[in-house]
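Inspection log for the structure reproduced underneath, given as structure tokens.
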């Protein structure tokens, strides 16, 4: 950590900070320049997280040098984390995994029909919301436990794995019975109680990036889960909030290689929520594969015009199948199977 | 609601949407132009929230005309909501209320000392975090229940009201015993489970705007609480995420008059979290009063250099007292008491 | 265009707007609902751009229905625009074009050396700045006309085409003598005088998206050039400003398919300026090709540690060659030659 | 400047950077820690702007310690800059100055009428655009030289000072004949040719912050003008681009105290362009005065419904007069005259 002093900091103020650094067990290195005095604090930076010095008199700013996350970092674990869901479905390996399904479980018929179609296309992970986080309390909020049972039935019939969102930590054990992957939505990425609760289960978790969260904040949120003992975490880029109104959010393609570089955790791309426009989803899915993502999550609906949520961003089965063909053509050229 | 059709929409597609609108009990008004066909759907727009038509074939986009929130709106309730905390402390009335205190309750001594100082300055609401949402799991997470008891003791000694954050809905009843206002932090603004749970209590709630939430999303989040039966909601502008690195967040001063115009709920400004720079807090506090806010929340610490969180953005008691003097001078010129 | 009236608009106010619409030669369609009155104005929307009605009493807002650009739109011209630079170099066709070279022309030796290397790799368009827009007046500002002559020499020796930036319209004729493509930088995207001046030349122009410009504003800026009679315009996505500090800007991958869908103009991706991190450039370049871009522009430097500008984001010749190999492997799987 | 090395940087790489720093006349201070090696480079940081080391092998990042602007900084000049426009109109002194007028000069009658009204209200600076930067080439582009002459006539009749925008450096001498302050619009804030050209004149300049420019970039743009010898620069906060759609831009109130703290230049607030909503302008104007701005610029129109540009954000004379009353009441409480 580097401490930059104000141009008018007194010698006493500088020595007070040096004293504090030494007291905390770090070793201080002072550099006095014409315009500024700098102090390098060498040692465990986490000590300074808990005992900040940036408010000491004479200090202009404190610049951290090390990354604030540890368990999520590539420095901590060099090899890629793979998450084995059983039956040969492994997220984070060479195979590019597709998660697809409706925004929400709306009925038994709808869900089973889509599941059968997707299973026929070779998709191995079914997505579907039973508990839906909606901006408005007047929008459809999901079928709840009944929705979970429908997902479980689809799982049994097709052999697909199931991913669904947890909104309330109290529901987690029940949801974990019916789903193979627990999803933490973008709006809950910094719901630290929820993160810690899912960290205590051993069920795989997919953590979606908050729409206003930095890449570093995403990795710190993952750290909350890992720290509690659950190593089965996958990260999901789903677009961030920007001034651009053409898309629902702005898909941050650079986040894919950066997350793969900084962390060992698998990275999934969600072009549906990121773009909100059906025709933009396939090119962004292809781009995500080319940029190194380990999989994608896509909303597919057989009757989007009747969908109770996000119909406009759902892809129909036919264009979804076309997209799969393109992904299959692309995969070998970037070293992937699918 | 206005439905804009694609330039190549067929007559069948248009008629299908007209049929659907009629079926939902709304009345359709068709306008055919040279370049585009438009359809006005007159009736209860909430029906279309639950039954979206934007994914129907031929539809380019759907433009809502009415606001999606109701109970939070000024149209629903013309007069300002006031929240009576007892002992003459009323938020949302003519008096501009100051909430002040440390970022976190760090110890009994620290908290009681600051409380006494603030009480001496005439501050009537004490803030202090017992449960702290922190980006990193390695940062100080708060004293929890022990912190609540310290706050309760400060309340008893000084007669001040207490505001503190709820992070986990399961803790809400316990926190409600020790605090007069339950705060929902920015990171939890769209934690819909938490909103609904606090809506079922009758304790006043201060809802902070998410750092990437629009004004409309803030009002919809308030709607979740109001809808469950708790009318005692105050809104808090605390800065949004932008590209500007000079401040921690960008304080959206326009949100103050817009919230007062669109809603009847009291509006509090938090210049500490918005700016993160001690010298910027007083001018932003003055600006908030001038723009029509009903109060401010400010972090004050007697030993910011020893603070376990956010020390750099805490104001010392002396400059805080100076700021209060300026606010007192300003208040009558904008029709406020303080 | 749709005009939404305030809930308390009077009949006189509504009739005044109807009168104004009729007076402007458009045809009004009134829909009166319980909560709001709507007015569809059918006709040439450009009339309302010049004669706005949104400030008339009783009007709440005006919603445009048509796109505000015309010449740049896919509706105006269905087939892709191709820009023939001579010697078989055509931007916007099936071949994916690579523009590469140093940020700035720093010296004759440096430029000729890089040009020879890139030419050897099969690159056909050389980039290099002679006039450099720099945030600080103390940064290297480019060699000016001397730099142009060095670029012209490199062009003559290698047969490569040259692209370079125009910052001042007065310099455009001189620059047009030495360069095949005139670049308008992100900071000048809404320098309307410059746009109009380059519209009067027939030299191809590459227009970079402003870092805070929407896709629609980019197309409107292109419209300024097209309207003056120069049809040889290519668009360049180079990242937008967001809150994310990990990259210099956030590359908006969705802009690629949206621009190709909305417009017939060629689209180039600039992963160097968008990301500012050498290791992130190749995956974003691959992603751009997969998403449908017509080419990329990349900063390459043989001695980035001696570069006078943007050395940290320059790719060395060796990793650049590796990236070209990957692009060549990828190209056929997305229907491209390279 | 602080150089942070990668965790795997070799001793040779570190020594190469130390050598380079020494060669450039700076003095290196090395601190070796367990996890990272740091190098403080003490000396004139501008040398490193021209000779960057961030691309040298082994370097992870370079952190500047000093501000990159000099002439614009409060450290360079402690006392406030005041700009004397003659006849007692001084921007940057104790008196809060109001600049008001129509978005565009539309006709002689309109302009003279508004000028008379504003003059009657005590406004001393008339704004009005003769050259208008418009996103669309189909929008009204201003009357050009004819508009300037109308402004000059209004100036002569009322004795008011005139501010108007320069879009093309070639027009600057002509505009300088008719106007007292030359405005550089937000879209041209980084049009470095224009900045340098206006720096060579001695006419006062108002530089508007680009809608995606940081406070530091604004000060660097001012530095371009100051460096050429023109010290008469005032800065204008007019809102930045964010995700919030409720306002046209987000007015960054914190920029006011930060600019006053970092720089000696006068700061003007433009609530009209920042918010785009007539009812939000007065509270933001009051807030700007409370936060320390030296003046405001407001769009006023007597017939906004006939305005050829930005009618919806123009304030009518009557509410403008009410706002002036409120500003006059507020002024003494923050130590201002008006």
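Observations on the structure shown:
The chains carry the letters A, B, C and D, assigned in the order they are written, with residues numbered from 1 in each.
Assume a residue touches a chain if its C-beta (ideal position, glycine included) is under 8 Å from a C-beta of that chain, and two chains touch if they have at least 3 such contacts.
No experiment lies behind these values; they were computed from the predicted model shown.
Interface repeat of C-D: among A-C, A-D or A-B, over half of the contact pairs recur, by residue number, only in A-B. The most distant chain from subunit C, with centres taken as the mean of CA atoms, is B.
Across B-C and A-B, the chain pair carrying more C-beta contacts is A-B. Chain centres here are Cα means. That of subunit B falls 39 Å from that of subunit C. Chain centres here are Cα averages; for subunit B and subunit D they lie 31 Å apart.
One inter-chain figure worth recording: subunit A and subunit B are separated by 26 Å, centre to centre, where each centre is the mean of the chain's CA atoms.
Of all residues in subunit D, those touching 2 or more other chains are 212, 240-243, 245, listed in ascending order. Taken in their complex, subunit D has these residues touching subunit B: 212, 214-216, 240, 242-247, 250-258, 261, 274-275, 277, 279-280, 283-284, 286-292, 326, 329-330, 332-334. Subunit C contributes residues 2, 4, 7, 27, 29, 31-36, 38, 40, 42-43, 63, 65-66, 75, 241-243, 245 to its touches with subunit B in the complex. Of all residues in subunit B, those touching subunit A in their complex are 46, 49-57, 68-69, 133-140, 167-170, 187-188, 190-193, 210-212, 217, 220-221, 223-224, 227, 240-241, 301, 304-305, 307-309, 311-312, 314.
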